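In what follows, structures are represented as structure tokens.
There are two complexes below, and they share chain A, which is joined by chain B in the first and by chain C in the second.
Now for the complex of A and B:
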């Protein structure tokens, strides 16, 4: 497609309290494209996202950004990298003690020398973009879940980032609001040329917006490619995910009884 | 036996790691004073929260403490016929010890717990992560203004506590128990020297750093060690913050007194 890889994940491993949660993850994130990372809950999508945005420490030579090693970034380099990012968290992560407008103004006030009036206008433009122009004076607690998510996205876009990370944009939203968010993500790519990374488990949304899909399961990448390539995948687990088939649990009667009745009963049961 | 030594060693290493992290937190908090963003308005806001809103509770505590000191002091001194020293006793007790300690404990209970809960909620709601992702230093933006406000407020609240307490002692000693007003006031004037005031102010500054450090640290790392970010972790962090701050203030009081006396 002629897009260079802006971020290159080359053999990422990750651990929580000694337990490995990501296993040798390898993929590239092309610039000005929408890359969707999807998979079942607990498969390591959010951990991967936290590595990509520098919230979880990465070992050297596991993630390269523009050819530079994210794991070797010093404080200044990490700050410069993060200035290129916008991140929408799953919960929106709005500051509860501020109005929606003040939330959007935070990065502008910290990183620019713009006048208060200019910042107010810029915040209003972002709110307008997300259809929240009338809600600037509202506190986050006065907004619905969907509005909070859109306000979070407005804040993530405040500094016109080069790379946008979006964690579960559609979860908990009604289909109309979710479709609106999807359309907005597509517009951001087409009009501003943003590189967008979306983490989701919503199939419909993923296939609607993705230029490139990455399917994860149990800390590994199962498949990666264009939406058509993923649809054509013959991988059993990918098919199960796409066809929304539940896991067939193996029933261990002895173990089950042991757990609910205690060891003594199990022993007598044998 | 080997297992016991292993678990003891692991617990010791764990505690050392915690202490190291706490030390680094203090360094980042102090470093934030010279780092952007500007903090003027956020410090003013925190002064309002930590200082102005503690005014009533400190005044109330100080008044009754001074009154009790006046009452107890009068009956103790009257056994030796030295009621005239009541002013000195009340003033020295308050300025050297009770003023700084009571102010710090009351501010810990009122503002320290709220600060810890606020930061803890920001942690579990990913708001601190959001700050980091916006390339904003959370120490400089969130924690340092609270430290600066604490350093401004606690000495002032201590001075206010001293004055109100001395007045409370006057009310009981002079108006209720009949000590001469001249003896009470001249006792205060003659016995209190600059070193006493200096000691009280040094203590209040130290207590401010301790209180803000512990309360913000506990909130900042609420749930981080468990890997579980829920309301229970914020509640636990708040309780730990108040208990640890209070105990540290009392222990530090002894250390500072023994150094400065």
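Now for the complex of A and C:
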């Protein structure tokens, strides 16, 4: 309500090794909202995320950020854009040879002129925010999976990003820790006014945090809207996803037998 | 464009160093503002620092960290740090960092704001 689109995906196509994996993706990401991109594994959501954070090259006129064409960013513009972003990767992506506090300090030391003491206090604030105030001196290997995830989020927040991308926040977490992380994501939106994009296939988490949901399937957007609008969707694939119904396997028997027999099509293959 | 705070902005009267800040108090501006505040916090003549945030457009965690450093410098000598004119977002950020318990935050009328624990 009343939120402008900070990022506008306007006809994004993407390929890997000549194979198209995203097809004419179109949606807006409103500022200070939580947009959740969901869909089954392999539907293209991580590829979409890679385009949005500038890790995969985007052709011109396919993604606009604040009205600027991401596909036309030069190196400096891309660097400036990335400085506005925080990214929590699925793995947490912490440096294993550094303590948790040192991990959080890295982007601040690289990108700012702040004193070591200011950085130390900032790291403590972020750790406290994530419930890890006691663990700054720990190495990532000494933390549980849930704590590593939270430490990764603390590092993603190090630069006070305007836009936060979170890839599969709940994966590998127990339900209580996952719910805690969801609550924190909501708190970041409400308190810091962050624009947050979450990629997940966890339905419960998606509906808990989303202001807006994007449902993807096979490289396309199936549905987009508020959680209530998605729940009311009559699209078969959306319903199948929401009701967690398994796919009826579409097996190309002829193709399979052809391959196993050495490209010789069998008469019985269908 | 807003004018950044500089040492000339502050004034010392009867042990109270008052300084209005302008524009963003964020990673790009904090190194300069910090010099002014820590410099004032070290002076024996300064018993209290009052910072007016009413013209501050943004406060981020580097600004909050700077306030912690300033407060620490003053608290060692029994001094006080008073903040006024904070936006709702800035207040929320200070609360989120749980520092509303150590900073003295005043509302527009000058009354101290007490936060629930």
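Rule of thumb we're sticking to: the second predicted complex is superposed on the first by the 249 of 270 C-alpha atoms of A that agree within 3 Å, B and C clash if a C-alpha of one lies under 4 Å from a C-alpha of the other, contacts with A are read in each partner's own complex, and residues count from 1 in each chain.
Simple rule for what comes next: a residue touches a chain if its C-beta (ideal position, glycine included) is under 8 Å from a C-beta of that chain, and two chains touch if they have at least 3 such contacts.
A quick note: this is a predicted structure, and the numbers were derived from the prediction, not measured.
Student: Using the superposition on chain A, tell me whether chain B and chain C clash or fit.
Tutor: Superposition check on chain A shows chain B and chain C fit without a clash.
Student: With both complexes overlaid on chain A, does A:16 touch chain B (first), chain C (second), both or neither?
Tutor: first
Student: Under the stated touch criterion, which partner chain does A:87 make contact with: chain B (first), chain C (second), both, or neither?
Tutor: In the superposed model, A:87 contacts chain B only, not chain C.
Student: State whether A:117 touches chain B only (first), chain C only (second), both chains, or neither.
Tutor: In the superposed model, A:117 contacts chain C only, not chain B.
Student: So, does A:187 touch the first partner chain B, the second partner chain C, both, or neither?
Tutor: Second partner only, chain C.
Student: Calculate the angle at chain A, using C-alpha centres, between the directions toward chain B and chain C; round to the nearest 10 degrees.
Tutor: Once the two structures are overlaid, it is 90 degrees.
Student: I'd like to know which partner A:221 touches here: chain B for first, chain C for second, both or neither.
Tutor: It touches nothing on chain B or chain C.
Student: Answer with first, second, both or neither: which of chain B and chain C does A:95 touch in the superposed model?
Tutor: Touch partner of A:95: chain B, not chain C.
Student: Scan A:130 for contacts with chain B and chain C and give back first, second, both or neither.
Tutor: neither
Student: How many Å separate the nearest C-alpha atoms of chain B and chain C in the overlaid structures?
Tutor: Nearest C-alpha atoms of the two chains are 14 Å apart.
Student: I'd like to check the shared interface: which positions of chain A are touched by both chain B and chain C across the two complexes?
Tutor: Looking at chain A, the two contact sets intersect at 111, 159.
Student: Spell out the part of chain B that touches chain A in their complex, as residue ranges.
Tutor: Residues of chain B touching chain A: 36-37, 118, 121-122, 125-127, 129-130, 132-136, 141, 227.
Student: Which of the residues in chain A end up touching chain C in this complex?
Tutor: Touch list, chain A to chain C: 108, 111-115, 117-119, 121-122, 125-126, 128-129, 159-160, 187, 190-193.
Student: Taking the complex as given, what residues does chain A use to touch chain B?
Tutor: The touching residues are 16-17, 53-55, 79-80, 82-83, 85, 87, 89-91, 93-97, 106-107, 109-111, 155, 159.
Student: Help me check something: in the complex, which residues belonging to chain C touch chain A?
Tutor: Contact set of chain C toward chain A: 26-28, 30-31, 34, 60-62, 64-66, 68-69, 89, 92-93, 95-98.
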